[in-house]
Amino acid sequence: MAGLTHFDAEGRAQMVDVSDKPVTHRIATAAGEVVMTPATLALIAEGRAAKGDVLGVARLAGIMAAKKTAELIPLCHPLPVTKVTVDLVADAAMPGVRIEATVKTSGQTGVEMEALTAVSVAALTVYDMVKAVEKAMRIEGIRLILKDGGKSGRYEAE
Amino acid sequence: MAGLTHFDAEGRAQMVDVSDKPVTHRIATAAGEVVMTPATLALIAEGRAAKGDVLGVARLAGIMAAKKTAELIPLCHPLPVTKVTVDLVADAAMPGVRIEATVKTSGQTGVEMEALTAVSVAALTVYDMVKAVEKAMRIEGIRLILKDGGKSGRYEAE
Amino acid sequence: MAGLTHFDAEGRAQMVDVSDKPVTHRIATAAGEVVMTPATLALIAEGRAAKGDVLGVARLAGIMAAKKTAELIPLCHPLPVTKVTVDLVADAAMPGVRIEATVKTSGQTGVEMEALTAVSVAALTVYDMVKAVEKAMRIEGIRLILKDGGKSGRYEAE
Amino acid sequence: MAGLTHFDAEGRAQMVDVSDKPVTHRIATAAGEVVMTPATLALIAEGRAAKGDVLGVARLAGIMAAKKTAELIPLCHPLPVTKVTVDLVADAAMPGVRIEATVKTSGQTGVEMEALTAVSVAALTVYDMVKAVEKAMRIEGIRLILKDGGKSGRYEAE
Amino acid sequence: MAGLTHFDAEGRAQMVDVSDKPVTHRIATAAGEVVMTPATLALIAEGRAAKGDVLGVARLAGIMAAKKTAELIPLCHPLPVTKVTVDLVADAAMPGVRIEATVKTSGQTGVEMEALTAVSVAALTVYDMVKAVEKAMRIEGIRLILKDGGKSGRYEAE
Amino acid sequence: MAGLTHFDAEGRAQMVDVSDKPVTHRIATAAGEVVMTPATLALIAEGRAAKGDVLGVARLAGIMAAKKTAELIPLCHPLPVTKVTVDLVADAAMPGVRIEATVKTSGQTGVEMEALTAVSVAALTVYDMVKAVEKAMRIEGIRLILKDGGKSGRYEAE
């Protein structure tokens, strides 16, 4: 099995050298959920129309967080993202909010961490805005859905 | 049911006025998991001893992220945290890594978001360091465990 | 006339010592406008309902910018704001968007710069979102409306 | 008339996809003013020589703010600027301070927002340093003067 | 001998709990030098008058860096500084630039790191501005000069 | 002798125009030391094994600081680093800790400041973690060791 590339032979953390990797188009999609009671979800859904757009605020927070990924994740390479979308959908069956983020760049490393960070911060923002009503919400299933571009090839979650 | 305090009567997002709330001691604990294969967990566990301390790097990332919470969560009040601890434990039964963060402050609002942000970023950092080996890892169960201090009183997850 | 307190006797820039000023409630309100053609304003107004909430995005940008004031203004003291509101109103008579921001804190210095920064960044965000349609928009009249709390007393713009 | 590209078909805010736009040389110039009383302007002018360089501090603040644009403007693409100049000139006829900023990059999007942000933060910094003397100053006429490079071609304000 | 408080009993890094420490006035002064050739120093000295104020730019960079200390030093507590001064003096005998920074706050922890960070970043900024002329400059003697306030009492370097 | 490129002909600070410089591979190595008593060094060395990894925390702080260089140094161009390593070695002969950082990028300007910033912040972090035991530690000899890539050619410290 491969070792952990973020450490050198003596186990010291490092930002891996990507200087000689080609600049290619990269894309990554990540997803996650905020699980809550039906009453809390109803409050969010109703708010969209009239009382305040929780999902709109969380979408912006996720987009802005994608741009901060390299500040948050210590060994992550900084790269200029060329596209970020974050979608949040109320799902009555869960019940809760489904979140999906897609990030693109042209660069020497992938944008998985940017997509995962966008989902995580969008989820935290949903929690923040609704926590006065329900503290027991849970953020679940944050995962990579798709990754493409770069030498390691395409990855799609099963 | 209470409404969403982060919006005014016309549904406009706002940072809630806490000017008249007393400064009190606040504490919050949050938790979460990164679920992975036994082989990936073994790599992390073995690395601790010799090849690189994934959990140590993730701990620091979580502590530093707690200090960035108000930059990430749009309507969150900035406050100077007085303590942050982040613990990460390899759990062979899961298999995966359990994360728990505790944050304290003396302030006019709680530190739930700081604790949840610390857990989330620690989890993302674990993912980042091990993703070359396993892309299918999932971040699960990010939740508030305990909150105390302030008018709304003590909250403990069941 | 008083001199400039941000410089010492030899003209060197400094962050003024406020250590001995009492902690008091502070409030400031600032305002400004983004002036544009009627057609551009119509696009924003129509978007609110159906195609995208320019004013909602700009409001959040203004709120988040208030928290970054001390990072942007070199000699500004950092302080934890306790309330931020940013209102944006389409004004057909101008035509354009009126912006007003109010910030509060309990601290040793005022929050004028936080309110002015919130207005400025909200205005820039309106510009950014609509610039594909009209590049000749102008940001006008950014000014302090009200300031209260602290030794220098209440200020209201005429 | 074109729609607003920062929103998708359902009106959700997004960072527009620029992945397939060519990397070209980009330049933008923006301008603005801080209007004040003759006495306040005299204080700034006199300070340049002896008591503290208000315009020098504001120039640096503007340059540094250009680098923070993508952090402040939610849907703005991050890009590495290759040149930033900010000029501030005392204008006795106004009376006040004229500000002009020019930014360059090689990238996939323009640098209008970087130039406008540099002017805005330079203006706010002038306000901050002189506000003890005059609170009624106004920031006026922040606007794009020139933009070139990229598919949409050259724009010059009339 | 005392142990290292930034680690718990199992050696895990932590932000130390200062919740129960009293809020007191704190002050710290740090110093350092940038050592260079006489020709380089002459260029800086001459620039002050006519060609560009290296020391003025470095002073501002140091002041702004003091506000970023808790972002840079992983286990450092965030606290709102109430005063920052940074002085830079050309010293022909060294030859080089002497830097001294003083920081104050009212808080639960000291401001040594803020003062040391201000000196370090001011020194780096001097290096940056003059490196086209001399790459062999050295930053030397960054050290704490004075610390007062708080339980551990006054410290003065010998 | 060459003048200072960070100022224009009238002595105004500017971010130099590098738009027309070619994108080339760049590397820089910087070094520095934290000098302390033998007893303090012993505490660090012993901690590595059992009580807390001072050097590991400082290494991460240095890597993360390299990514923040353009935020700290006012006229520094932002650029996406492609590799950062920071090594810290306990040196009983000094006694103290030797620090060396290497940074790479493909860009239009060099990465000397990134390497020097990584060393400086790693040194400050060592100081922070050990200051409860010894306040008289000194950060010494921060200097450029190697620079290559770009028009000005290779530089090696003697």
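Per-chain residue numbering starts at 1, and chain names A, B, C, D, E and F are given in the order in which the chains are listed.
The rule is simple: a contact is a pair of C-beta atoms (placed from the backbone, for glycine too) under 8 Å apart; a residue touches a chain by one contact, two chains touch by 3 or more.
Which protein is which chain? UniProt says A, B, C, D, E, F = Cyclic pyranopterin monophosphate synthase.
Source: prediction; values computed, not measured.
Counting only chains that touch, the fewest steps needed to get from chain D to chain F is 1. Any chain that touches chain A and also touches chain B is listed here: C, F.
Touching chain A and chain C at once are the following chains: B, D.
When the CA atoms of chain B are superposed on those of chain E, the rotation angle is 120 degrees to the nearest 5.
Note that among the pairs A-B, A-C or B-E, B-E reproduces the D-F interface, with over half of its contact pairs the same by residue number.
Under half of the residue numbers at the interface between copies chain B and chain C are found on both sides, making the touching surfaces mostly different. Averaging C-alpha coordinates per chain places the centre of chain C 15 Å away from that of chain D. Our note on geometry: chain A versus chain F, Cα centroid distance of 31 Å, whole angstroms. Residues of chain E found to touch two or more other chains are 8, 12-13, 53, 56-57, 60, 64, 68, 71, 74-75, 80.
Taken together, the touching pairs give a contact graph of some other shape, not a line, ring, star or complete one. Pairs of chains in mutual contact: A-B, A-C, A-D, A-F, B-C, B-E, B-F, C-D, C-E, D-E, D-F, E-F. Residue ranges of chain B in contact with chain F, taken from their complex: 53, 56-57, 60, 64. Only residues 8, 12-19, 70-71, 74-75, 77-80, 107-108 of chain B touch chain C when the two sit together in their complex.
Residues 1-8, 11-13, 32, 39, 43, 47, 50-54, 57, 60-61, 64-65, 68, 71-76, 112-113, 116-117, 120-121, 123-125, 127-133, 135-144, 147, 155, 157-158 of chain F are the ones that touch chain E when the two sit in their complex. Interface residues of chain F facing chain A in the complex, by the touch rule stated above, are 25, 56, 59-60, 63-64, 66-68, 80-87, 104-106.
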